[in-house]
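Look at the two complexes coming up: chain A is in both, with chain B in one and chain C in the other.
Now for the complex of A and B:
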């Protein structure tokens, strides 16, 4: 047998094949842009100067006003970059990241005390304007800065007024739409990732146990899966919002807890198949412990099809949040794309910039995740990868 | 030599694969006289199937190209025909049957419909009644019992051998002049293979058709072919009348292939003396199986109550003496693999007793079983699935050692693992590679190394050479004998290949439908079989007497 051998690992090969198409590159570029915007949103769109020098004293007002959440997100981003650089096993990386992230959360809560009240109008008083020099963010408006001092009439089309440039216009309260779009990235990204993360965690465990043990465990598990499949997520969300008020975290948990059944089915099928594989049998015959068999020998081989459905699941979670916000039941205090669409519909006249930009962003994000999901699916499909190789 | 029906001249077939061009068939010329059988032999990847597919033009057009070559069929160059032209030839004048009878038939159509359809495509004027009549005749011709009753059967209602008969019936319904058979019996049991081969020879005598027969099995070649072509890496290295090629091979590669057949392998001398020793002092049994049953329940109805059992292993008692190789022979579905797995407690037995070194295995919990696992290991058939594709060879080898406390630390275990790789004649740097970087033979060696990692006394080898080419099989068999010699291993060698049994084993056990029908010293069982089933099995083996 003279097989063509390659030095590429399985994961590297899947990755290369995934990135083969044009669509998936667009998808990853868009998600990358979103991640960048979400992490650095206070520096991209804010009313206060990034850096200024007044009477020879250099200060950074933005840093002073950073919230606990801002700091946590920023620190997590750099933590992730560092961990990506380390050459350790995937499991250890995840553990390290979770640990670091929790530590950062604790310290950020203890140490960061931003001013309770921010009056954006102050930043346009001489205290901040009559300076030696200052650097403003690219979008010099905060998302909740309603520009009352500027006698703004809300609902201005892009480039409608000389002097104040609003690239995407303003909404009915006079806040800059682009700034709100930028700050809404965080919700869109986090709801998708965290809700899917919760669903994935439950799904893998339940599905893995069903697939490995089969028999009675499988039967009970499948009934549980069927129960959860029958729960209408949107109406459960509505009910919870009605009872407990609006909270982003509650939304994430509910979407996660009701969304795992599909993953469980996937993992179960994979595990049923993998259990009969010779290398799993060999692992059993070697007397390896159950955790090793499940998580080292089976899960990594069964996880690839899961990635496909996860990327579709993230898109679904983003849509669910957008739907809820569109119905006026989303988060109140922070801007969100769905809520912006809701504003567009509710205003008396049709203002295209209020609908096109958030709508386009939701569309692009869901589209990007679907493109990535499709590319993953094609990359792991052995029927497609075997095409034209050795007849 | 009569006039040739098919003449292939300087055929080259290049395949595009991921930006590379593979010379699958490289300057091949041969001819098939009317009424004769031409066998293309070679190992996997040698281009024999691609040659056949080129003849019938079944290769995907964007992928395959023919830079040079002529395929003259009745004087007409098939490579120059347009699509309607080749369709007129395909099926009606040249027919083809494939290796896998499972997937070659459409599962949602009855076999009658499929043959009738093939007939009516090539004879548009044929009436339904006539087509059905011809179909029935064809089914009778391939000796399907009660052909008229099977007309409305679906493929899943037939056995593998019957499906292959239906395939042949379909191919022959239009009375082609040339039948291309691509490994038609490889997926079948040896007794079924013997029947199919006999049938094909008879049909050839009756119809006078020619055959292009592709196989990797020299035994089959000896039975079927008037002419043989030996292929190696796309080139036809030797071609000639079959008796000349098989008994007096000229090319080095042909000689090498023939020498690698298990029946031609030279047995190591020290082994023979060892066996004589053993025959004098019968060693004590390492593994004792008593009344072992592995039954799988068949459940039916709303309450899934058990209506019957599949008796995969039924009342088997067997002793495997220390230091011997016991071969377990039988056809597919006879329960030999289930027995092997039941011994290792990979398949829970229904009842019975399995003792290794005098210690009972049945009834032990997973925790109690763990220390016993060190003593017994298993090696598998399929090189594709026997190694975890996500783990380095190093992890595959050292993880069991760690669990069982072999080696004081990681460095020591890595050293042990590299020694293991060397003992299966692999480079120690292979520790740091992934399974897909290896060939099938190399993977089987790694699989053996894994089985040896815990220093077991007993290994179940489940068809470990069945998926390999004959030359690689020979290397693995020799390696296995060496290792057995060094480590005083006891092996239960599960196989369906009688040649391998004769070469390797001290004792032979024949299984049939879950029961042991015959056992004894290999020479005795293979030389003077007592049980009618053993006799049938042995007589069905295609042999190449050199």
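Now for the complex of A and C:
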């Protein structure tokens, strides 16, 4: 062993070690796939042609029917790509992204007016079928396209060829399961990220204050944490959701508000250790404002272990949403994986494809986040670093 | 020890108060809130009937009063000491022995305590069967993978335990129900409930009669419990097995284990009598957190398998905006959780004589 001083930064080292395993690569690959599907879902599964040429005029019906949300998600995706390529500081990147996405939201709301009513049967009339050529999406069924004009019965098993192929079958009303799953990606991903973002925000602030001030603030804060921990989260969630509407955004806030206690505990222990450190004392002595001490000096030093609980937290939030949807308290107007599982139970006969595919998607997503969390933990924990010494 | 116990019990009071305040605030702040109008909106009745019911609700629960007053009123009814109040909701004199009154459920029109007394034993039964199963499997798997560290069993188990842990309870429940309790596939287990009607009249133990084999009450219960318990336990033992493995590994190469081996003890004795006992502590710590997660899990499992326990009651209560029931359920589950923590702390002293609370 030679004494080479590593020039690698702490963050870079953790990142490298995290990516060492096979499992974590699978995890990231799955999340990447989900992000891709979530962003491009209207182009992946839709009833209308992507591009068609009729009487020499080339048109793209998909674009005409894009909703404000679709455009916003798409634009944000490309904005994030561009910002990722720019070489500027992380803080500026985040600010730039937030600013850009707010601007996009405003413009999208002003400029985009999709037709209020979409009649999917129209796309199977000669106006759209008797054309020179057309390109259909890979899955030519929209999630809410119940195939009312088709004569077949609603329910179909995967690959049951009755004039049209459904890779994962259809649900009882005749909508394509795979298409519904693709469109539900967005809910799963956004709920996981935003809900745990909210929980993290509350947890870091409460836990940070508790750890920094200790004493009476700590004691009161701990009681609050205990209160939120002692009500089984699902009971609390149920109460919240049942009494406050069922919109997607409300759900994110609710899952966030009920899930912060773990983060608060974590940050508190971390800050209790840090508050007596010399550099913190120096920061206090030089009269820095409290926010600067807490978030610029202490937080970056206590943030690494948080990554672990965040990735487990995202998995938990996705599960929470799925559970609520499963219990019939979820979002009503859009399909979500949990709601699809619920459909499978409620249907008159057991149709395995209605349960296996959405349930499998929930499982894979939760598993992926758990794998990532596990890899982070192994990379961060000094006791576990180094091959062969791992416990 | 006694002082510690008393202190812990007293510390529960602010937490329980906090729980009820949080839940009450959520309900009071909700759009629409809890008003007699909202409660009777679904029913079809004559205007004067509706008026009478609304008046009754207002009187009985004080629903026309501001929320803080309603809360204090509820608290007064629930706490064992306080002002006596009659059926009309009028306040009498202060008393130390008035007893607890959890109120009457809006939805069922029965005292909440009666409903809970029916439902809690079922959920407890489910959980008390699950916990030993969970621990047994977790300890066996954890021990085996710790002793074969790095071997194929260890690696395979590590991966599959993480995978098991990630399977949503709903998916497992739906698939188990769909495949093993369904005419379309294997109809090995019953679909719903925790006991069949005819088992009520059977003797307790299974036995042979002239007519043939009688499965008895016990076997019937077990038969009904197989799928729900399987569903409840796999997530728990997956997490616990990993923990057991880590904590056994920490002790496996310790000095005392080496000494025990040097004395010539059989490896099994070293493992189970020396290493295992010292590795128990983290397992006990988690057992406290196990109860709340099991309660939450039984909420899903009870809904899938149509078991009339507390979980199903909770869903019914929040869907029906049944204030008294929701408050009592969260309260009771919070209380059970706190008791779980307390029991875990006591088990700590049993497993490790070094720990005392004096």
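Everything that follows uses one rule, which is that the second predicted complex is superposed on the first by the 354 of 391 C-alpha atoms of A that agree within 3 Å, B and C clash if a C-alpha of one lies under 4 Å from a C-alpha of the other, contacts with A are read in each partner's own complex, and residues count from 1 in each chain.
Definition applied: contacts are C-beta pairs under 8 Å (C-beta built on N, C-alpha and C of every residue); 3 or more make two chains touch, one makes a residue touch a chain.
Quick caveat, the model's predicted, so the values are computed rather than measured.
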- [ ] Could you look at A:360 and tell me whether it touches chain B, chain C, both or neither (first, second, both, neither)?
- [x] second
Open item on the list: In the overlaid three-chain picture, which partner chain does A:288 touch, first (chain B) or second (chain C), both, or neither?
Closed with: first
- [ ] Return the chain, chain B or chain C, that is in touch with more residues of chain A.
- [x] C
TODO: Figure out whether A:301 sits in contact with chain B (first) or chain C (second), or with both, or with neither.
DONE: first
Open item on the list: Is A:16 touching anything from chain B or chain C once the two structures are fitted on A? First, second, both or neither.
Closed with: neither
Open item on the list: So in the superposed three-chain picture, is A:277 touching just chain B, just chain C, both, or none of them (first/second/both/neither)?
Closed with: first
Task: Those residues of chain A which chain B touches in one complex and chain C touches in the other - done: 391
Open item on the list: Which stretch or stretches of chain A touch chain C in the complex?
Closed with: 23, 223-224, 226-236, 238-245, 315, 319, 322-323, 326-329, 338, 341, 344-345, 349-350, 352, 355-356, 359-360, 362-363, 366-367, 370-371, 374, 391
TODO: Within their complex, state which residues of chain A touch chain B.
DONE: 1-3, 5-7, 9-11, 277-289, 292, 296-297, 300-301, 388-391
- [ ] Show which residues of chain C lie in contact with chain A when the two form their complex.
- [x] 14-15, 18-19, 22-23, 26-27, 30-31, 159, 162-163, 165-171, 174-175, 177-179, 182, 184-185, 246, 249-250, 292-293, 295-296, 299-300, 303-304, 314-315, 318-319, 321, 326, 329-330, 333-334, 337-338
Task: Touching residues on chain B, where the partner in the complex is chain A - done: 15-18, 22, 24, 43-45, 49-50, 53, 59-60, 63, 233, 341, 344, 346, 369-371, 373-374, 376-378, 380-382, 385-391, 396, 399-400, 403-404, 433-434, 436-441, 447, 450-451, 453-454, 468-469, 472
